[in-house]
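Working notes, beginning with the structure itself.
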Amino acid sequence: MTERSRVTRIAMLLIGAVLLVVLPFLVRDQYQLHLAQLIGVYWILIAGLNLVVGYSGQLSVGHVGLLAVGAYAFAIIAGKYDIPPLLALAACGMIGGLCGFLLGLPSLRLPGFYFAMATLAFAVIVTEQSVAQTELTGGGVGLPVPGFNAPFDTPAGLYWLILAVAALITWLSWNVARLMWGRALIGVRDSEVAARSVGISIYRAKLIVFIFSGVTAGLAGGLFSSLQSYITPDTFVFELGLFFFTCIIIGGRGSIIGPFIGTIILTAIPEVVAPLARLGNFFYGFLLLVVVLLTPEGFGRLIQQVLARFSGKVNESKVVAPDPDLLRKALQGARN
Amino acid sequence: MLQAEEVSKRFGGLVALSAVSLDLRPGEVHGLIGPNGSGKTTLLNMISGFYPVDQGTVSLDGVALNTESVAQRAQRGIARTFQKPRLLGPLSVLDNAMLGGWRDVGSSFLATALSMPRAWREERELRERATQMLKGVGMAHALDRPANLLEHAEQRFLEIARGLVGRPRFLLLDEPAGGLTPTEIDHLATVIRVLREAGIGILLVEHHTDFVFRISDRVTALDLGRLVRHGTPDEVRNDAEVIRVYLGA
Amino acid sequence: MLTVIVYGLAIGSVYAATALVYNVMYSTSKVLSVSTGHVPMLGGIFGAFFIGQLNLPIVVGLVLAVAVAALFNYLTDVVAVRRVLARSDEHLWLLSTLAVATMISQTMALWWGTEPKPFPRLFPQDFSQGIADQKYWLPVAAAVICAVGLELFYRRTMYGKLFVATSEDAFAARARGINTDRVRSFSYVLAGALGGIAGFAAGQLTFAYFALGFSLTLNGFIAIAVGGLGSNLGAVIGGLALGMMSSFATYFFGGEYQQTVAIGILMLVLILKPEGLFGSKQVRPV
């Protein structure tokens, strides 16, 4: 990457970060702030799910179940048992991770469609049980959810809490993506044969990433429920799980920024473009189909390719020309 | 020493391999030839762990590997290439090659997520190693190119480079000359010779018998799953049975 | 108690029929479509629409509803499966069929409504018949007809044999000059018709309800996973077993445990015998 483009990138990131921090002062009304909070919460879950779906290629459509677990856990721990909210939130993350482990353990060995159905089944069980276990979850009536303590008890305060958690999760997933683990996960996704041949333990990798996505879903669930201030089983419809999944596919697999933009667009558009609000889920399905048929790598990749066209000459040589001396030296230096 | 002793394999009613033995020593090129269906790739797959062994043992330095997975064997320094290259399309050539060094990545998922210095050190080291290997095998011109835009020959050499990044003790090549021009085969020979000099044990499964005889230290010839002849290239090339098998009855 | 058994058989038949739809589509395309459960859903909704709302004669309503279901499945092939099969990325058809399933589900929700609506009586019968009520026996009859019809089709007709050939080895089939694209399209139409008939017959049991789509996708999948993918016998037995277990679970534990029990069974079978009761193990070559 050239010096100039690196500086540009850092500058853009800084500007973006500043804008995000001062956002509560920029928006016009409560409703827009709420929208930003919602996008933030969704992104916390999606950032983790991105490593599962976009990187390791495991098509989990039922992550809404983990969101629900986190949400109910927060409502119960902070609400019923009166534990300090931040502590409760941390517990939600751990519970989410545990559920991710329990769900992933049997399911990740299954082939693609079977796995997707297993995650769907999980979401269905969570819904069923949140209705059935009335003592714990309030059944169909649901539970009220407490807010956080100062300084997070105002809308702006809650927004900054969400922003902080989102920033942390984004940083964690970004690190994984750009280091060797990121490549390994893409290996798991695109060629298990190649991945195994270089020593990657496929199942273990999938499970670890899935647990991480459980933690982020748990955290997202806790924040989500506090944001909604009242949750019922109906809050966590299966379509929400599809929504998360679609944000990632549309934004582009193998990227962090793509799904982030996908989340913003898919959350905001139905709010901004009124007719689309009614079409809501149909619109997500339609977009998903368009992406799959036209640009399976997602819109992020499409933009990348378009930009690459304009970025100057590309070395077009296709001739393989070994350098034996260099190879000799390289092998010498590297020998066990 | 990497060894297959009396290994056999059936697929349903078909006997793919019958009590075949082969050993591979460091710093030698061992050619494995045979007509289609002779079981060469099956044997390679069994040594690398993609097929389980029905009978017999695959061992490394005397330690039996039969129950170990492909990944576990790769972790021991057994690398391989594939008849049909298995690459990660959207990733660059460099990224693909770096993946070959996975066995030297000690950082856990958590350490990586937390951006620990060790993870970055490993990243830099593997990037350097991969770059050198790629340049060494002849892929300097395409380091940043997405793997799905590579020509066939480039794919093959990328796979070899990937196999090298993990500092393997043994490299199993599955028909690496397939689809290569004579010049490219010469390049392949150059690379293989350097690898041999460096002490890597190379199993060369190949159809291009001339190429195999040219470059191997020892050759094993199979036919219909059985060992036909084993010895130096001259011994094998001049063996009556081998000639019969190759030129037909 | 008798009601529990009869209900189990009836709902099990719907699951069994959905499992058959999975099988027929899988046999020629090696694709498991997320939209599979939506085919019977359409049969039910359009049956209720044509007969209940447009007051068309029952036979006409049946034919039209089945036609709609078959058409939907054909479009699924054209839009979501055909283009995607050409690419080697095996995840893609899961995404495209998921997209199609979402779109049809939402379209029905918007047009038909999100509440389950009643399905008209097909035969004159009052509502006091208990276990002899047609809402139990129609689905069972439909499943039997579908299963038997499918077997006869595979064994006795030329086209059926083409199916079997294509499903066992598509490459070889193409080499013999069989137009696998055409066979696949036809198989999707056939599967659509089967699903439509089953959904239509089950309408009085399940009501005409858009949410049936994903529900049947899941339950039909459980049936086929338990019974063994590729086996029609497995599909029927898996479906009936699932229906019975769900019914008993509801009876003993209450309705809120229905899906949990069903999924529990699935996980148990998948852990013990991953290829299902009647399925075959597949060796994956490198």
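In order of appearance the chains are A, B and C, and numbering begins at 1 in each one.
Convention: a contact is a pair of C-beta atoms (placed from the backbone, for glycine too) under 8 Å apart; a residue touches a chain by one contact, two chains touch by 3 or more.
Just so you know, these numbers come straight off a predicted model, no measurement behind them.
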Intersection of the contact lists for chain B and chain C: A
Selected pair, greater C-beta contact count between A-B and A-C: A-B
Distance-maximising chain from chain C - centres being C-alpha averages: B
Euclidean distance of C-alpha centroids - chain B vs chain C, Å: 46
Rounded Å distance between chain A and chain C, as computed from the means of their C-alpha atoms: 32
Between chain B and chain A, distance of the C-alpha-averaged centres to the nearest whole Å: 38
Multi-chain contact residues (two or more partners), chain B: 50, 82
Per-residue overlap in chain C, given as positions that touch at least 2 other chains: 286
Junction residues of chain A - those touching two or more other chains: 193
Interface residues, chain A side, partner chain B - complex: 171-173, 175-176, 179-181, 183-184, 186-187, 190-191, 193-202, 208-209, 212, 254, 297, 301, 315, 317-324, 326-336
Contact footprint of chain A on chain B as seen in their complex: 48, 50, 69-72, 74-75, 77, 79-80, 82, 86-91, 95, 98-103, 105, 107, 109, 112-115, 119-120, 122-123, 126, 129, 132-133, 135-142, 145, 150-151, 153-154, 157, 162, 164, 166-167, 169, 184, 187, 190-191, 193-195, 197-200
Chain C residues within the chain A interface of the complex: 32, 34, 79-80, 83-84, 87, 89-92, 94-96, 98-103, 105-107, 110, 214, 217-218, 221-222, 225, 254, 256-260, 263, 266-267, 270-271, 274, 286
In the complex, chain A residues that touch chain C: 57, 59, 61, 106, 110, 112-114, 116-118, 120-122, 124-125, 128-129, 131-132, 193, 238-239, 242, 245, 249, 278-282, 284-286, 288-289, 292-293, 296
